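Okay, so subunit A shows up in both of these, paired with subunit B first and subunit C after.
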Partner chain A sequence: MLFVELVVQGLVYGCMYAMMAVGLTLVYGLLRILHIAHAGVFALGAYMTVTVANATGSLALGFLVATVVSAIAGIAIYRLAYQPILHHAAFVPMVVSIGLFIVMQEAFRLIFGAYGIAFDKNPWYVAHVNLVGINLTYVEIAMVIMSVVLLVGFGLFAGLTRAGIGWRATVTDPHMATSFGVDPVRVRYVNFLFGSALAGIAGGLVGLLNNYVEPTMGGAVSYKALAIVVLGGLGSVRGTLIASLVLGVVEAFGAIYLANIFDRDAIGFLFLIVVLMVRPQGLLGRG
Partner chain B sequence: MSAYIASLVSVIGINLILALSLNIITGFCGQVSLGHAAFYGLGAYMAAYLAKLGAPLPVTLLAGTAMAGAIGIVVGLTSLRVRHDFLAVTTMGIGFVLLGFVRKQKWLGGELGISGIPGPGLDAVSYALLIVAFAAAVLAFSLWIKQSWMGFTFDAVADDEDAARTVGVNVSTYKLVAFGIGTALAGTAGGLYIYFARIILPDTFDFVQSIAILTMVVIGGTGSVWGVFASTVVLTLLPEVSRAAADYRLLIFGAMLMLVMRFSPGGLAGLLRKPA
Partner chain C sequence: MKKSVIAATLAAALLFAGSASAQIKIGFHAPQSGPAAADGKSSTIGAEIARDWINEKGGVLGQKIELVIYDDQNKPDQAVPIANKLIGQDKAVAAVSGSYSAPTRAAAAVFQQVHIPYVSAYGVHPDITKEGNWAFRGVQLGPPQGKGAAKFIADKFGKVKVAMVTMNNDFGQSIAEGFKEEAPKLGLTIVKEYTFGLGERQFGPIVASVKADNPDVVYAIGYYFVGGPLVAQLRAGGLKQPIIGAQAFDSMKLMEIAKDAAEGVYIVGGMDRGRKTPADFQPYLAEFKKRAGYDAEAVSANCYSSVMLVADAIKRAGSTDPAKIREALAATKDFPMLTGPLHYFNSVGEIYSPLEVTQVKNGAFVGVTVVDDPSILAPPK
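This part shows the complex of A and B:
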């Protein structure tokens, strides 16, 4: 039974990683930037959810505000931080991204305090159902449903709509897409809008899951999301989704069976390094 | 020299060794590392463990240096395997793995680290001067590498790997050499640190520390020895001279990273050289 429980728990975390990692993959696929500041957007989403939910008593409103604010923040990050330096070597945007992430984390500490905030009302945190012997809280179920709905919706958008097709064309070959009339700058805005909104929602959900929102909460999750992006073969959305779930499960098992040797955060990266030794291009990457 | 000045000088010296050693890997050879603090930690833990067993300073320093360098070469091997962008994430991962390992080891003190490390057998001022001597040696060594044949080869690898390979440079060997030298020197810094601090905690060597070291390199000018020297001294002293700078140290580091990259990606050194 422990086996099944660990798999389920791993998949729940995997869903959360997927929501984070897809945004990172999209940014990487389009701009070749390791978007570390994505962690800041994640934490921003969590803070928006918890402050609005606590102030108004409505969790739905909290998530709505979190989604909108995160999306706007993502667009602002692209326009103000990345766009002016895109012509430089990859190292430059990466360092900017690190700087931005630190600034955001410190800003949260100054504005919201270093000790974190809990939800006043978080009934889903304790309420749970028993599925074939496994206890799942409502938050965990919501996490899975949300990520499946959002990612499927996103997949339909990318696969079926005109804007989505233009987007995929730009990721594959920016010059060709531009000459066919796709506006590459608009694609980038859409990209940051979607990715950041997903990260913000993921942040709110993780806040609910732990019933706690703190300035550094983005750190570990986003470093792992970066690892997932690399694992999936940078820029491959399908690889990213698979890698997210795999990493979630590996972590769940590792946290139990390797508990005396490594802490939880180390296990994900250990897995990454082992995989990269065998497949340097990632799980689904092309050589 | 008062005790306060001596401790300040010690910290500057250790930071200089850290920044200059990362500069060899990232600046000279162009290999981005987001896990430099892990090698600093490796050196420190190795030295502290031996010091507690009664080993004298030269032995612990050498062991710390060798340990960090050896693991550094292994990490360098991964840099040969993975694409450029992957390396940043891989080195970041190495940091988490090493720290995550140390935190769980009872014989290394776990979360509490190692305390009660014996003194260096020197008074604080002499020990500060010893650290400065090491830092000066690393500085001189960096300057020497830069104008040596090896320095030019590093430059070629950093600029364009394929072109370097075409003209007959063994790219893999030079990457490994850069990683080996850089991480070994970080280990030396770790060994020097333990006799100064007398206690080590895992958190001292975390990702934030790696970023702090990278900040000193990037703001000074990646690859510029004197630029890195100047920015390390200034960034280390800043929290000491200004209370506000101490409270908002990370905020200032982050903002400086963004602004310097935005307006002068070559750092302070790039600013002085010429308007690009």
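This part shows the complex of A and C:
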């Protein structure tokens, strides 16, 4: 029974990681940038959700604002921070990204205070349903539903719509796509818009799950999402989704059976090292 | 015109600086930026209230107290140059740490070398006072806190089965050590110990496993920002057993985060907010709230009391000579700390003070009992 429960908990965490990591993978696939500041957008989404929800009493409005602001922030990061330095070596945008992430963390601390903020009203946080002996809170259920809906929606967009096909073509071969009339800059904007909105929503949900939004909340997620992206095979969306779920489950078991040696955050990296020793190209990466 | 204003300001500043040098300087460092900034802010406000109240009453030895405050970012490599600056540049006669264990340990070594008395307001790592006889601690060490928790649980619930959930840093490990030593002696059974990192906020797997263990009580050692989510998730997971938390659960944020789930949680080493003693306790709570905009927690009270303690030692020493201040500190008897009376310091500068146990009732910390058993709480030498 404990076994099943740990798998379920792991999958819930996996859904959370997936919403974060997909945005990172998309950026890497398109621009070959390791977008660390993505975790800053995640925390921004959490702050928008909690401040708007506490001010207006409407959680839905909180999420709406978080989605819009995160999407705008993502686009702004691309336009103002990455676009001017795209012609430099790959480490240059990465250093910029790390710097940006640190600036964002300290900005949250200055603007919203060093103490974290809790939701005034968070009825879903302790309320739970009991599915065949396994307790899941409403927030956990919302996390799973939200990630499935958004990621399936994205899959349909990429597979069925004209814009989606153009986007995939740009990832595969930017020059060929351009010569077929796809505007690569627009693709990048769509990319940052979607990935950042997803991270912002994930941030809001994690804020609800912990009932605590704090300046450093992006920290653990930033390097974990990075590990997932590498684990999944850099730039592979499908690999990232699988890696997210696998890491979630590995962590859930690790938290019980390995925690006296490693904490949960270290377990993910241990797993990453082991997988990369066997499959250097990642789970679904092309060798 | 503009130039004359600047000149006048400069002159005033110089005058002010001149008069300031006649004050008694006490060094203070706390993490004011970085991840530990929240506790650093509270501890700094606590220390400043002590300074202001001492000065309002005419200061010490006829001189005003000046706190020289630095931000150590909770980093040992920042604490060392800060200690050197406090000694060489600022000429502090004593110092107080409003910081965590790691920077405090690093600074303690520096103060020891040059023989400046140093009080760790709430850093619990044993090594801080092991640097030598110039370091004192204003809070119980981890192991006695853990032993006190075992005593409370055995007295209150009998010979029960306990699941431990411990944070894997200096703070958590040292408390857990004392608990694990004392618990078997009192007939408690530890069914399992789970550990987690400082950054952990999601305890789903641990909750599932604790539920399978089915203990009689859960003993959780961690800070309020992990305690809040942990308590809520234990309750959401369907656990109804009593939860006993460690000292660092003591923050109003615990209730903000855990909401109703915090009700009934016990805190060993907490602070009973309704207490009428010592006389400055209730005024302190009111003053802190006014300055900070939020309610005081034990960390800030520890810093307030540590500054008060140093000022009291200077008064008793009748001198600003660091050696005499150290002697006076070591001879402290029954000093009224806000967190409970400081009965004495042992030979290595460890405090003996009873542990207050509080419980969350209707969103407030209410006193339940006091663990005051020298055979358990006496500081290790």
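General remarks:
Here is the rule we go by: the second predicted complex is superposed on the first by the 287 of 287 C-alpha atoms of A that agree within 3 Å, B and C clash if a C-alpha of one lies under 4 Å from a C-alpha of the other, contacts with A are read in each partner's own complex, and residues count from 1 in each chain.
We take it that a contact is a pair of C-beta atoms (placed from the backbone, for glycine too) under 8 Å apart; a residue touches a chain by one contact, two chains touch by 3 or more.
Computed from a predicted model, the values in this text were never measured in an experiment.
In the superposed model, A:Val92 lies in contact with subunit B only, and not with subunit C. Contact with subunit B, but none with subunit C, is seen for A:Val103 once the two complexes are overlaid on the shared chain. Shared-chain residue A:Gly164: touches no atom of subunit B or subunit C. With both structures placed on the common chain, the touch criterion links A:Leu272 to subunit B but leaves subunit C unconnected. Of the two partner chains placed by the overlay, neither subunit B nor subunit C lies in contact with A:Gly155. Legend: residue contacts after superposition of the two complexes on their common chain; A:Asn260 is shown touching both subunit B and subunit C. Of the two partner chains placed around the shared chain by superposition, neither subunit B nor subunit C is touched by A:Pro174.
Across the superposed pair, subunit B and subunit C both touch subunit A at residues 106, 219, 259-260, 263-266.
Interface of subunit A with subunit C (complex): residues 1-2, 5-6, 9-10, 12-13, 106, 109, 113-116, 118, 122, 125-128, 130, 134-135, 137, 140, 206, 209-212, 214-217, 219-220, 251-253, 255-256, 259-260, 263-266. Only residues 28, 32, 34, 81, 84-85, 88-96, 98-103, 105-107, 110, 219, 223, 226-227, 229-230, 234, 259-270, 272-273, 276-277, 280-281 of subunit A touch subunit B when the two sit together in their complex.
By the touch rule above, subunit B contacts subunit A in their complex via residues 32, 34, 78, 81-86, 88-90, 92-94, 96-97, 99-101, 103-104, 207, 211, 214, 218, 222, 248, 250-251, 253-258, 261-262, 265. Residues 33, 35, 37-38, 40-41, 168, 193-197, 199-202, 204-206, 208-209, 212, 225, 228-229, 232-233, 235-238, 253, 256-261, 294 of subunit C are the ones touching subunit A in the complex.
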